[in-house]
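Got a structure for you, questions after.
To keep things simple, chains are lettered A, B, C and D as they appear, and every chain counts its residues starting from 1.
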Amino acid sequence: MKKIMNNPGRIVDEMLDGMAFAYDSIVERIPETKVIHRKHEKNGKVGLVSGGGSGHEPAHAGFVGKGMLSSAVAGQVFTSPTPDQVLEGIKAADEGEGVFLVIKNYTGDVLNFDMAKDLAELEDIEVESVVVDDDIAVEDSTFTAGKRGVAGTVLVHKILGAAAEEGYSLKELKDLADKVVANLASIGLSLKPATNPEVGKPGFELAADEIEFGIGIHGEPGYRREKLQPSKDLAAELVNQLKKEQNWSAGDSYALLVNGMGATPLMEQFVFMNDVKKLLSEKEGLELSFRKVGDYMTSIDMAGVSVTLLKLEDPKWIEYLNAPVDVIGW
Amino acid sequence: MKKIMNNPGRIVDEMLDGMAFAYDSIVERIPETKVIHRKHEKNGKVGLVSGGGSGHEPAHAGFVGKGMLSSAVAGQVFTSPTPDQVLEGIKAADEGEGVFLVIKNYTGDVLNFDMAKDLAELEDIEVESVVVDDDIAVEDSTFTAGKRGVAGTVLVHKILGAAAEEGYSLKELKDLADKVVANLASIGLSLKPATNPEVGKPGFELAADEIEFGIGIHGEPGYRREKLQPSKDLAAELVNQLKKEQNWSAGDSYALLVNGMGATPLMEQFVFMNDVKKLLSEKEGLELSFRKVGDYMTSIDMAGVSVTLLKLEDPKWIEYLNAPVDVIGW
Amino acid sequence: MVEIESLKKWIELYGEKVTENKEHLNQLDSDIGDGDHGSNLTRGAAAVKEKVSESEYENLSDFFKDIGMTLVSKVGGASGPLYGSAFISMAKQAKESDDLAVLLEAGLDGIQKRGKAEAGEKTMVDEWIPVVEALKENNLTNKVIEDSLQKTKDMKATKGRASYLGDRSIGHIDPGAQSSAYLFESLLEAGVLNG
Amino acid sequence: MVEIESLKKWIELYGEKVTENKEHLNQLDSDIGDGDHGSNLTRGAAAVKEKVSESEYENLSDFFKDIGMTLVSKVGGASGPLYGSAFISMAKQAKESDDLAVLLEAGLDGIQKRGKAEAGEKTMVDEWIPVVEALKENNLTNKVIEDSLQKTKDMKATKGRASYLGDRSIGHIDPGAQSSAYLFESLLEAGVLNG
C-alpha cells in the first residue's frame, strides 16, 4: 500500500484538520468531534446534515457550506460514524427549525443515524430524514439490505441544500427529499479496487484486463465482470441498466452526473461523458438539463466511474441544482 | 494499461467534446480546433490564453470562463499544441485590447507559442506573454532548458484572470505576470507514474516501496528516490526545498496550493496539507493568506502531490485569488 | 448469579481475542463485506478496556451500560450499534435479574430490535440464538459455539452488507458471528458460568 | 540540382521509417524525455504524406513549404516547430538555390535559429551538423550518419527535455538525432544525391 499518510488510525482526524485549515472561511471542525460545520451564520432555517464513512471525499464535508449541508459527520474509513458524533453534527446544525438527515442506505449508517435521531429528540431537536438508495446494481428485495446509496446522494444534498436555504420547513424538505430519491438512479463500474488504509490491501481483485460493472463505493460486489472494453461500450452497458430502471421518453428532462471514483483522471471522465451524451441525448432524446462531471462521491483510490440520472419531475429542481453555493467540493 | 477511452489517438478530441457538452453554459469548443473558449460575452478587455499538452486536467480548459482564461489550447497528451491551434485560441480571445499568453516553460510550449505569437502579430493582434517556471526541482542554469512550469501556473491564471477582468492593459498584465512568476515556487513528488494513453505503459518505474522527489508533471525525472515515508516526512522534504529557494521571514504572507497529481485521493491531499500547515504556519510562522487543496495541474493518473508557494508581495493578489470565477475546475 | 469481577475478566478476554484476531475478522469481512469488522471491534475493545479499567462498578447494570455506550460511540458501522444495543439491553435487564441466560437473552433481543434480523439471515444473530438456548438449558459448550459459527457458512446473507452478494455469500463464515463466537468463548474461559 | 520526384520519394521513405520505428523513437524518448517523439513524428508523417500526395508542385520552394507548415501544425512538442522551421527555411532558400547541401544548411540554420542549440548539446543539431558538412564535401555516407548518431550517446543534454536529467542523459542516443538520422538515410536510399 502506497499512500500519503502518517498513521492509518489517525487518517480521518488529520484529513479533517487539513480541510478545516485549508478552507477556514467556509468550514470549521467542531473541537473533539468528527464534525465539519459551516461558518455561514445561522438564520433560522432547517439544518441539513449528512455524513458516513470516510473515503468518499469530497463527500461529505466538501459539501458543507452556504447552500448545501450545515454539517457533515465523518466516520472511520468506510465505516459509519457513531450516534454521538452524528448528534454533535445535528446540534451544530440546529437553528431552531429542526434538522434534516441525508443517510446513505447501508445497515451501519441507517442504524447509527437512527440512534442519533433518538438522541436528538431527547434534546428536543426535531429531526427528519431520508435514506438515499440510488444504486440500481443491487436488487431492492427483502433478501438484501436494499439498494445502496451512492453518487446520487450528492444531488440530494444540492437540491435540499438550496431548498433549505430558500426556507423550506422540515416537513417540506421531507416531501421534497422523498420525491427526489424516488426519481434517482445510479450505477457504476470499476477498473481498479480501492485500498482502505486501515486494511492495507485492495478490497477485491481484478485482473489486468478485467472490469466490474455495478460495483459499490466501498468495493461491494457488482453484477458482472467482463474484459476491459472501449468507453462507448462501458457507457452503453451502464446506460442500458439505467434505461431498464427508469421510464424514459424522448424530451424528458434529466440531471446527469458522471462521477469519478477517486483515481480516474478527469480526461477519462470527460471521454466517458461524451459517450454517455451520445446515448442519452442523441439516441434516446433525453433533455439533459443539468450536467456535471468530476469526483464527487469517491471510493478512496478506486479507478472507475458512475452515472447518475435524476428525473427532473419539477423544473424547480434545475434551479436548485444551479443555485450558487459556497462549499469546497461542488 | 487500463483506461476509460476509445481510441488513444482521439482521446483529446473526445475529452474536449465531453467537456463542452457537460459545461455548455461556461465554455464552447471552437469547431475544428482544440480550443476551449469561454461563453462570457466580450467587453473590450485583454484576452488571456493558456494551454499546453493534455493530461493535466482540469488544466487548462477547466480554468476557462469569466474571471480566468479566455481560451485554452489543448495539445496531444503531454505534447505542446501547435502554433496554428494557439493562433485560433488567440483569435477567439481577442477583444481588441490584445492577448496575453501564459506559457509553461518547456521547449515545445515555448517554441510553439512563440510561433503563434508571430502569426498573431501578422493578423494585427498585439500579444504579450509570460513563461512560468516555478518547478524548483530543476536547476535554472544554461545547462538545462530552465525550470519547468508546473502547478503554480494555475495561480498565475487566477491572478491574471482577475486583473484582466478588472481591466488591466496588456502592459500592466505583463508587469503583474513577471512579478507573480518571480515570487512563485513549486515542488512535487510521485508515488506512482502516469501512463500516457498513446504510449500505453508507465513513463517510468518506481518500486512498490519507493517514491521520487522533484518529479515533473510529464514524469520528468526528479532529484532523488527514497523509500516511502510518513506524510510528515514527505512534507518536510518538500518544504525544506522551498525554504532553500525562497527567503522566508515569519509573518510573511504566502499563498499555498497543495496539488494532487490525478490519482491521489483527496483524503491523502488533506492529510498532506495538514502536515504542510504544521511546518509552514506553526514552525516557520508564515502567514498563509490563501490556501487551496485539490487536483489542479495533474499528470494523467500519476499518484503524488506538489506544493506551491507564492509570496504575496502585493495584498491585492489575495483579492485576485479570492475573486469569484465561473469556470469548471477552480 | 454472576460476579462483576468475572464479568470484567470476560470482557477483557473478549477484547484480547478480538484484538489478536483483528486480521482474521477483517479477512472474513473482506470475503463478504468491506473488510473492517476486525478494525472496528479492535477500536471498540481498546475503548472498553480503558473505560472499564478506570471504573469501579457497584452494580451489573452500570457495568453493561458503560460497555454498551462505549461500543456505540467507538465502533461505528453496523456492528457498533448492534453490539452496543445488546449491552444496553442487558443493562436494562440487569436491574431485574442477574441470571446470565436471562441477561444474554435480553442482549439478543436488543440486537434483533435494532437490526431486524431473524435466524438464518447469516448475521451475529445466528451465533447468539443457539448460545442463548444452550445457556438456558445450562449446557453452553465450546462445541455449541463452534457449531453455530460453522452453520453460518452455508447460509445466504439477507441482511447487512453481505446480502449484496446474494448466493455468493454462501461458503463464508459471517464475521459478526465469528466475533460473537469470541464473546462466548471468552465467557467460558473467564469462568463466568462457574462463578 | 535535385528533382522534385526524388525528393517526394525521400520524404515518403522518411515517413515510412519514422512510422515503422515509432516505438523505437518513443523508447529513446522515454529514456531521456517524455516518450512521445515517435508518436509525434508519426502523426506528422501521416499528415505530410496526405498533403504531398494530393499536390502537384511546380517548384521546390512550395514543396518544402507545404512540408514545413504541415509539420508545424501537426507534430507539436519541441520537434514540430524545429523540423517545421528546417523545412520552412529550406523553402526560403529554394527560391535561390537547388543545391542540396545549400538547402540542408539552410534547414540546419532554421533549426538553430528557433531552438538555439549549438553542437554538443545532444539534440538533432548534432546529427544535422556533420551531415551538412559531409554533403558540402560531397561524401555523405551511411557511416557519417550512423557515427554522428552514436556520438550523441556520450553527450550530456543541455537543451530540451533531456537536459532535466543532467549527467543521467549520458549513455542514451538522442531521439531527435535518431529521427534526423532516418531523414538522412532516406535521402541516400531515395537516390536524391545521384539525381
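The rule we apply is simple: a contact is a pair of C-beta atoms (placed from the backbone, for glycine too) under 8 Å apart; a residue touches a chain by one contact, two chains touch by 3 or more.
Quick caveat, the model's predicted, so the values are computed rather than measured.
*Asks:* Specify the chain most distant from subunit A by Cα centroid.
*Replies:* So the chain farthest away from subunit A turns out to be D.
*Asks:* So the centre of each chain is just the mean of its C-alpha atoms; given that, what is the distance between subunit C and subunit D in Å?
*Replies:* Taking the average C-alpha coordinate of subunit C and of subunit D, the gap between them is 75 Å.
*Asks:* Just how far, in Å, is the C-alpha centre of subunit C from the one of subunit A?
*Replies:* The mean C-alpha positions of subunit A and subunit C differ by 31 Å.
*Asks:* How many Å are there between the centre of subunit A and the centre of subunit B, using C-alpha atoms for each centre?
*Replies:* Centres of subunit A and subunit B (C-alpha means) sit 29 Å apart.
*Asks:* Could you pull out the residues of subunit D that touch at least 2 other chains?
*Replies:* Counting only residues that touch two or more other chains, subunit D contributes none.
*Asks:* Mark out which residues of subunit A touch at least two other chains, giving numbers and ranges.
*Replies:* If we look for residues of subunit A contacting two or more partner chains, we find 77.
*Asks:* Could you list each pair of chains that touch, in label order?
*Replies:* Every pair of chains meeting the touch criterion: A-B, A-C, B-D.
*Asks:* Can you list the residues on subunit B that touch subunit D in the complex?
*Replies:* For subunit B paired with subunit D, touching residues are 53, 75-85, 106-108, 111-112, 114-115, 138-139, 142-145, 148, 196, 198-199, 203-204, 216, 218-221.
*Asks:* Touching residues of subunit A toward subunit B in the complex: what are they?
*Replies:* My answer: residues 2-7, 11, 14-19, 21-23, 54-55, 57-58, 62, 77, 191-192, 208-209, 211, 228, 230-232, 234, 258, 262-275, 277, 281, 291-293, 295, 298, 300-301, 303, 305, 329.
*Asks:* Mind listing the subunit C positions that touch subunit A in their complex?
*Replies:* 26, 30, 34-36, 39-40, 43, 72-82, 114-115, 156, 158-161, 163-166, 168
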